[in-house]
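Two complexes, one shared chain (chain A), two partners (chain B, chain C).
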Partner chain A sequence: MIAHILNLGRRGCDVLEALGRSGLFLAQSAVGVPSREGWYLWLRQMHFVGVLSIAIVLVSGLFIGMVLALQGYTILVDFGAEQALGQMVALSLLRELSPVVAALLFAGRAGSALTAEIGLMKATEQLTSMEMIGVDPLRRVVAPRLWAGFVALPLLTIGFSVVGIYGGYLVGVEWLGVFEGSYWGGMQSSVAFIGDVGNGMIKSMVFALVVTWIAVFQGYDLVPTAEGISRATTRTVVYSSLAVLGLDFVLTAVMFGGFS
Partner chain B sequence: MKRSKTMELGVGLFMLAGILGLLFLGLRVSGLTFNMPGDTFRLEANFANIGSLKPRARVTMSGVTVGRVTAIELDRDWYDARVILELDAELEGKLARDTTAAILTAGLLGEQYIGLTVGGDPEMLVNGDTIRDTQSALVLEELIQQFVSNMVSD
Partner chain C sequence: MIESPLVEVKGLHFSRGEKTIFSGVELQIPRGRITAIMGPSGTGKTTLLKLIGGQLTPDVGRVLIDGHDVHELSRKALFTLRRRMGMLFQSGALFSDLSVFENVAFPLRVHTELPEAMIRDLVLMKLQAVGLRGARELMPAELSGGMARRVALARAIALDPDLVLYDEPFVGQDPISKGVLVQLIKTLNDALGLTSVVVSHDIPEALSIADYVYVIADGQVMAQGTPASLDVDEDRRVSQFVHGEPDGPVPFHYPAPEFFRDILDLEGRP
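Our next item is the complex of A and B:
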């Protein structure tokens, strides 16, 4: 019995310690002063986590927009309210689906790769070697990845929304025959730039921070074995997804829940 | 070196696409316009009951949108609702003083908006004036109550 309680206490301390370590880690890596060199490292990571993720994000956005329009149309047409299709597609994409789905895809596509890459660096003692020759691995390896993720995900989210709304247009207007003017007009009269687009962007920035933070921390903090890397990669995807979905509820409640 | 140039180009295009996308979301999706503050003028209208009219609702004339509701507040002198309207500056001095404002509903389930109908007064409304002749929103419960009391009295 005592042993169980001891075990529980040890687990709790471990969790708290990891949280504290990751907080310090975030603070230390985020203050990396951007030099000419650091700029180039950031650029390389932008290319890897941003540019190479465009395809999957845009294709998912297109299909999600098309499905939204199709599903929305079949329901709205019962109420004779198919003019509200544009409004429905735009609001659900901007407020919820783009930030969340783009962050989940980003965690799977880029987050897991970041963890595996940094983890392998640690397992092959590249990080220790860097410290030996006087290069700060937080600044050299972690900071560019953190900043790249933080900039790339909001941009990908914008792309997701744009393509999704266009996908909704293709299905709703071109295929199902909703009047084009009411698709765009309903959207424009109901979407607020700060309230909807801006809040979606804030959500996306929060998710970007959380997802890249989890990814680089898991890579930096893993047990340096083959098994450790595979576990850390899995944990990155699982923790990021849970954190994104949980935070999404909290942010939605604060932004659109009407408590103010 | 060549490889890094293409990478720089890729990242640059990616960021440019992001900014263009945000511009699209602003202009096309949320209908953001860069109106000067002087492009509108203010009118007030008091209604006995505004139903579920909300700020940012449309103000129309013959179905054409000519402005929007900017604020709704309780008038403490008369205990009715004072609605502040913002109309296109082109209409300033063109609306007769006896213009009527009615709260209408778009469709069966639609949102509520204000419809203006011009009158014949030679004097015109200017910035800050109050529309006297108003018609409240239809409240379903009141309508049913009237109907029932008419039935009973018949």
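Our next item is the complex of A and C:
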């Protein structure tokens, strides 16, 4: 019994220590004046985490918009309210689905790749050798990836929403015959720029920070063996997904739950 | 015997978890010479290099490089000091996304403002020194283990450091590569006026180029001296190691219960 309590306490301390370490890690990586070289490294990472994630994010956005329109239509038509389809698709996407689903896809596509890449650099002593050359790997390797993730995910989320709304249009208007004017008009009159688009973007930025932070920290902090890399990659996806869904509830409660 | 050593290790204690790695190590690395640090596997030779390079912090004790206490320096000052050091890692540790040329150019690009033409000349000179000028366009994945280590050596000396640390440079090399590396370490040390620290358990290779040797075992300096004096050392632990005898004070067997009792599964019985 005592052993169990001791074990629990030790685990608690380990978790706190890891949180402290990751906080320091974030502070040391994120601060600092970007140099010309830093911009180049950041652009390169924007390509890897951002541009290469475009396809999966946009295709998913298209299908989710189409499914939303299809499901929404079958329910709304019973009440004769299919004119509200545009409003429903847009609000669902902007407030919830785009930030959350794009973040989950980003964690699976880019987050796991970041962890594996940094982890492999650690396992092959590339990070250590960089330190011995007198270059701080936090600034050279971690910072560009962190900032690239932080900028790329909100942009991908915008793309997700745009394509999703178009997917809804294809199904709702082109296929099911909802009046085009009411699809766009309903959207225009009901979507608030700050309240809906703005809050969705704030969510996306929070998710971007959390997912990228988890991914680069897991890569930097892992045990440098094949098993260590595989565990850390899995942890990145699991922790990021849980963090995104948990934070989404908190943010939704604060933004739309009547607290404000 | 040593006048103004470049590196001094004083009263070094270091442990990892429950395991004590060093308990009171004292070393002095003379300037302009090759010092070999030898010892059986698992005695913490690589750890010692990491302590000298400031990547690990000792529990007690100091490491002085040219009078600077490595572990008292700020992060920025430590990185500045490291520009005067080169380190050759066991794996080579080349940056896998950069070509051979760019790997060697890396320290020059990040620490100097030299024009591109001069960087090119310097990189080709360093590659020429290790015999790989023709391999400049290759990627690290296309190199053999020995070639990767030579490129890493060219990178380690790119900024003309005062001190080069070699971590097991001969491990896993074929006889030709070994010979090339032995000759390179010696030639570069003499030609560039470096101070070299070679951590190794390849005795013939290390002894053939070292000016001074430390043997480390059980967390302490077990013996020190010139290669010739170690060869005739009468301490049984030293002679076992230097002459590669399979059994002796360092036992062949990992600690275990008495063989007869163990095989009959009598342990724990009266």
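Please note the rule applied: the second predicted complex is superposed on the first by the 259 of 260 C-alpha atoms of A that agree within 3 Å, B and C clash if a C-alpha of one lies under 4 Å from a C-alpha of the other, contacts with A are read in each partner's own complex, and residues count from 1 in each chain.
One rule holds for everything that comes next: a contact is a pair of C-beta atoms (placed from the backbone, for glycine too) under 8 Å apart; a residue touches a chain by one contact, two chains touch by 3 or more.
Treat the numbers as computed from the prediction; the structure is a model and nothing was measured.
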> Does the superposition put A:I54 against chain B (first), chain C (second), both, or neither?
Replying inline: first
> Touching A:T74 in the superposition: chain B (first), chain C (second), both, neither?
Replying inline: neither
> Regarding the shared-chain residue A:S230, is it in contact with chain B (first), chain C (second), both, or neither?
Replying inline: neither
> What's your read, chain B or chain C touching more residues of chain A?
Replying inline: B
> When the two structures are overlaid on chain A, which partner does A:I133 contact: first (chain B), second (chain C), both, or neither?
Replying inline: second
> Is A:P154 contacted by the first partner chain B, the second partner chain C, both or neither?
Replying inline: first
> Given the touch rule stated above, what does A:V197 touch, chain B (first), chain C (second), both, or neither?
Replying inline: first
> For chain A, what residues appear in both contact lists, the one with chain B and the one with chain C?
Replying inline: none
> Which chain B residues qualify as touching chain A in the complex?
Replying inline: 4, 7-8, 10-11, 13-15, 17-18, 21-22, 24-26, 28-32, 56, 58, 107-110
>> Can you tell me which positions in chain C touch chain A when the two form their complex?
In response: 53, 55, 75, 79-83, 85-87, 89-91, 93-96, 106-107, 110-111, 152, 155
> Which of the residues in chain A come into contact with chain B in the complex?
Replying inline: 40, 43-44, 46-47, 50-51, 54, 79-81, 90, 94, 151-152, 154-156, 158-159, 161-162, 165, 184, 187-189, 191-193, 196-197, 201
> Across the complex, what residues on chain A touch chain C?
Replying inline: 37, 120-121, 124-126, 128-136, 140
